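Sharing a structure with you now.
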């Protein structure tokens, strides 16, 4: 796949129109994992818009994103940075060719103290 | 009497078409209407009732009459009539429709003669076809018509594998002669058997006992003023379906069509059901649908017979019975105002 | 039968070089209705016009066709020519054989043929033309201004200045509007009240101006020049003529728990009150929801103390009806509700305030007498964070998709004023873009940064939360690609502005169109920005779109100029090319009214005689004074009852027929 | 059923409806800029594109026009505020319907041409004429009686 | 159906006897088993001929334009599909709603006598419906037909429900049909333009200009139709195998676009069996797909798709989808 196709693919997967972004930075302002991320949420949108997908695919931030969707919730332009991050992550996982986490792995992990969201988030994160 | 195998009919049509035009029931887009025959067209003689009657063979729905050519401020009248002198055969006309020709003739061939109609009428040979499977809406017998032996220049019957053929007059003989090679001589047994069988069914038709005796000139005022017209006509939409499928309706309108170089004057069927029928400068002579409705049936059952020696201008074909969108029809009028024989 | 004259212009060589004008004139000589045809070098010249006039008289012409340049150029000229010769000006049609023919075609044969067709098309139309005359309608020489803010005040003053009577209808107890609530104005830092209140007083003192405060428009009938408006005068329970504004009642009123709307509900006020010291009219009003007397029948203290005997608990809403020639809508704006933005904690934290609230806090007549104290504990805030674009440029559905236009400037103003008065205060401003077009605006903003050291952070705040009594403002700093956390004492939100909600009802009453954001639509975005598409209705201030004070004042004055231009006329000439319904064919189905952009169509029950019977029918009736002649209704009408004069269906179809002859 | 045979060197006849405020002025500008387009385009001036009744379009085809184009102000720029929005819906529905009846879709067109777009007007007309020329004569909707006796 | 009929008759009697209404609009028995006619009953006596059976397909709503102008109230029996036309006419101020008492009646799909005859059955004397089976007696013998095959075209795809009712007589629930009413339109859209043209040419050249479609159509309620009005520029009466029928049907379809409730009466009444509803359905389908689903007659208020607009509406060239 060419870089351009890869970009288009990520845009399609994320369902987000990156051109709607007005570069306010509210997503990064809200992000609880900001300091853990090498590429910040707003940069995901900006880099994707510029077609710099290779940098995104190498990013460590796709693993530090919590998928809390706060950025999606707060974006005044209905852009979804978390969806972009997720799409990039899925692209990486798919390229690796295996699910990091399977549905049957989950039941043993469930204990009363684990927040359900965490499991959901992990499942989202490690599956293609 | 002659006969021809049904499977050979196409050859018969082709033979007729060689020397004259052939107007015959043809199925097109699921409906059967009289139309000019041509190779590959689907003829349907079995169809009991074509949607439109064959009257448009000599009284077409639309017909150009003349043209006014304008040049600057001068107007030239151009006779654009193309008199088709070629003989024409109208094939497969049912008894009721044959009778209807007589009704039309009395109008168009009486003085002043309608020459458009006349020229076509003279050129036409009518080949009629007897009915063997009348349906519930048929009531030609009420008008003294025998559907098993229709009039016409030639009468035909469809029975079994054959079409039976009998010439009734000189015109018919002439046609028969032309087709002699295709027809074989035969006896009348099959036809007679079919006729008596059909007559049995005719007796059992629900409208067999329609009583027309009250529709006479002397009852004109009484009938005209009958309050039940209101009830009879109240569902009438004022469309012209009944008049356009009717074999005896003869009203037309004359209109102009603006062309690039003048005006074409044409006539087209009109309907007494329409609000602009016989519209005059002062307005309309009949302003309510009841009046229009009454006019149509009074004309068929009272006015026309009064002027034509008692001949009703309804032939009981039942097309209006079948085609009225709201199921109004002449039968209901006859039953209500005429009384029914018990 | 028409007697038509055809006049083919050479336009020097502009037409004649490509089109054989003589052949054109000759070709149509025998056409239907044509009795005269001629050519001339310049038909629009004095001599050319004389030729037309002479022909009209000599040949008793009933219609003329001029084959010349575009009708957009000389239609008016030739109409006047015809008029001067006693021919109705609408019996003139132009065949455009220059722009649409000679100028674009090179082949002389081809161009001549086309010119003949174009002239014939015009002849075909003229054959069906009928004389039209512009109707007249009288003009009521009084204007109505809806809304008593700075826009309404300015418009009213300008109209009154020209000698016309003006009524201001204001729904609040005083005029003054939003500007009265503002402390200082940018970029000059003038005291807002100091420049506004004299204008309010001027209004009150102007004999031509009648201020109908505490009133609302209830019903509008009529059309340009001739509106009839029903106005509700809400019961204020105080006789406006008697009240002296002494405020004794306010002191004595035992019910003091009302929220002071003027001060953005930051403090309390009595049940009987005057909104602010410089209110016009300076008359008290009783809040019926709060007044003990009105609610329980007991108390009546204010009545006892009122020396003027102005208190009247029995007052009822009253309705008055007045006629107007023109209406100015100046209904203004309000900041949006911020409940949907819980990330900024506006509802939870008293110290998260809107800019308009800050405006009151900074105002000497405000709840803190002008001392910057935070609402929660009355302490001086040491760190203040401003957040811009709260709800503006927001397409997520929570806010407004547009830029509110004024926030960048007032935020700079606030930051600057705070830094000036309280230099020890730290001021941060989160911004997405700083937009400062306008005279001295960017200079003003730069001063806030350069001279007053306001910290502008390019980025947006993601959340504001309370931690140990401190407001933690977490946002991004895009320049440094950092997330910052600012411990603040006060957070000020630049809330988006939206049209005052009552404008919806007003727009419906006036049949004035309104856009998806509830801003009133102007007749033309560039060329008619202060006129509503509804004739006789004008738009001033934020009700038409976000704008600041100078722009509002300009627009108000522009409105006034338009209104004056209308009111100086004794009668209005109406466009004769208007729609009209054929009564006998109209079904009364209302489809035409639903597409009319001007509300020109109403329905009447009318007795018609049809076919000798009388019938009561619902029939469309077009007001020719309001109809602008677009023809939208004519196409919607299935029966063809609705037609457009001057462009009738028959005329257009005859043109089509002629062209198709080729 | 009628038969029309296409003549050699076919030149279509085009009826163009132009709104007075934008497109007619655009056509004027095309003229004053000497931007040529074929002479077989003839313009009918209407106050607004919303004055164009689908019946006019059909009338033109009946009388033998080979193409009909309607031009109005750009959406949002209508002199009468909303007229062209109605036109857009009306014509979208009419054109799609004609297509459904088997009428060539390139015979009809709606274009927005502002008073400043003389060049666009000329380009649109050139393109439209080319497309209609390629289609040949309007055989499906024209009424042969119109040309009777010519 | 007999049960429903007797309930209807009972209500009609009560309404007339009590003077609550001046007349009841329903159906009157015809000459055969299959030709009831719309009728107005003004007294209990007249009700002796009242009928409600499988052949009462006519839409009674258009009659109410005239009825609501008469003195007193009019009660009317409306089938689900009829109520849409009723609403549309109320919306267009053609019917005075206050003067009409709507009795919503059950409809289990109506039969098409034409389709029965097309099965080769002639001289029909009796029809009995038993669930899915229809027993037909004729003078030439008996036959059993499947009901689905002989219902009116308009009933075959109908899932309409009563939109208006002042009271209702519904004893059975009608099963929801799993059909795509646009299937025929889609099939046409799939054809090439030439095929479509041929199809419509064949169909429309059957037209005899009798105006039955127009006169029965509840949306065609114009006091003066453009085709009857010499001033309109399109008036025409001729049935000419050239252009006029096309012009007539195109203009008619356009005039009712956005207002047509798809009641199917045009196709029911056409004496030449032209599938006229396919013209109107094309507009309905285009409107649904382009401007959002819209069912005319669902409400007696609001604008119709062609009298409103959105700034984001598609351009005509984008509405025309690439076919073959």
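To keep things simple, chains are lettered A, B, C, D and E as they appear, and every chain counts its residues starting from 1.
Keep this in mind: a contact is a pair of C-beta atoms (placed from the backbone, for glycine too) under 8 Å apart; a residue touches a chain by one contact, two chains touch by 3 or more.
All of these numbers come straight from a predicted model, not from anything done at the bench.
A.B. asks: Which touching groups survive when chain C is ignored?
C.D. replies: A | B, D, E
A.B. asks: Going only through chains that touch each other, how many steps at minimum separate chain A from chain D?
C.D. replies: Between chain A and chain D, the shortest chain-hopping route counts 2.
A.B. asks: Taking contacts as defined above, which has more of them, A-C or B-D?
C.D. replies: A-C
A.B. asks: Which chain is most remote from chain A in terms of Cα centres?
C.D. replies: With centres defined by C-alpha atoms, farthest from chain A sits B.
A.B. asks: Counting in whole Å, what is the centre-to-centre distance of chain D and chain E, each centre being its mean C-alpha position?
C.D. replies: Distance between chain centres: 36 Å.
A.B. asks: Averaging over Cα atoms per chain, report the distance between chain C and chain E in Å.
C.D. replies: The computed centroid separation for chain C versus chain E comes out at 47 Å.
A.B. asks: CA centre of chain B versus CA centre of chain E: separation in Å?
C.D. replies: One centre to the other, that is 30 Å.
A.B. asks: Please report how many Å separate the Cα centroid of chain A from that of chain E, as a whole number.
C.D. replies: For chain A versus chain E, the centre distance works out to 55 Å.
A.B. asks: Give the residues of chain C touching no fewer than two other chains, as numbers and ranges.
C.D. replies: 595, 636, 649, 653, 657, 660-661
A.B. asks: Enumerate the residues of chain E that touch no fewer than two other chains.
C.D. replies: As it turns out, chain E has residues touching two or more other chains at 226, 232-233, 240, 306-307.
A.B. asks: What pairs of chains are touching here?
C.D. replies: A-C, B-C, B-D, B-E, C-D, C-E, D-E
A.B. asks: Could you please specify the touching residues of chain B with respect to chain C in the complex?
C.D. replies: So the residues of chain B touching chain C come out as 70-73, 258, 260, 283-284, 287.
A.B. asks: Which bits of chain C are touching chain E when the two form their complex?
C.D. replies: Answer in residue numbers: 584-591, 594-595, 603, 615, 618, 636, 638-641, 649-650, 653.
A.B. asks: In the complex formed with chain A, which residues of chain C make contact?
C.D. replies: 343, 389, 393-399, 430, 432, 458-463, 474-478, 481, 483
A.B. asks: Inside the complex, what are the residues of chain E that reach chain C?
C.D. replies: The touching residues are 69, 91-94, 220-226, 229, 231-233, 255-256, 303-304, 306-308.
A.B. asks: Show me the residue ranges of chain A that touch chain C in the complex, using the header's touch definition.
C.D. replies: Chain A residues touching chain C: 20, 22-31, 34-35, 40, 42-43, 70-71, 74-78.
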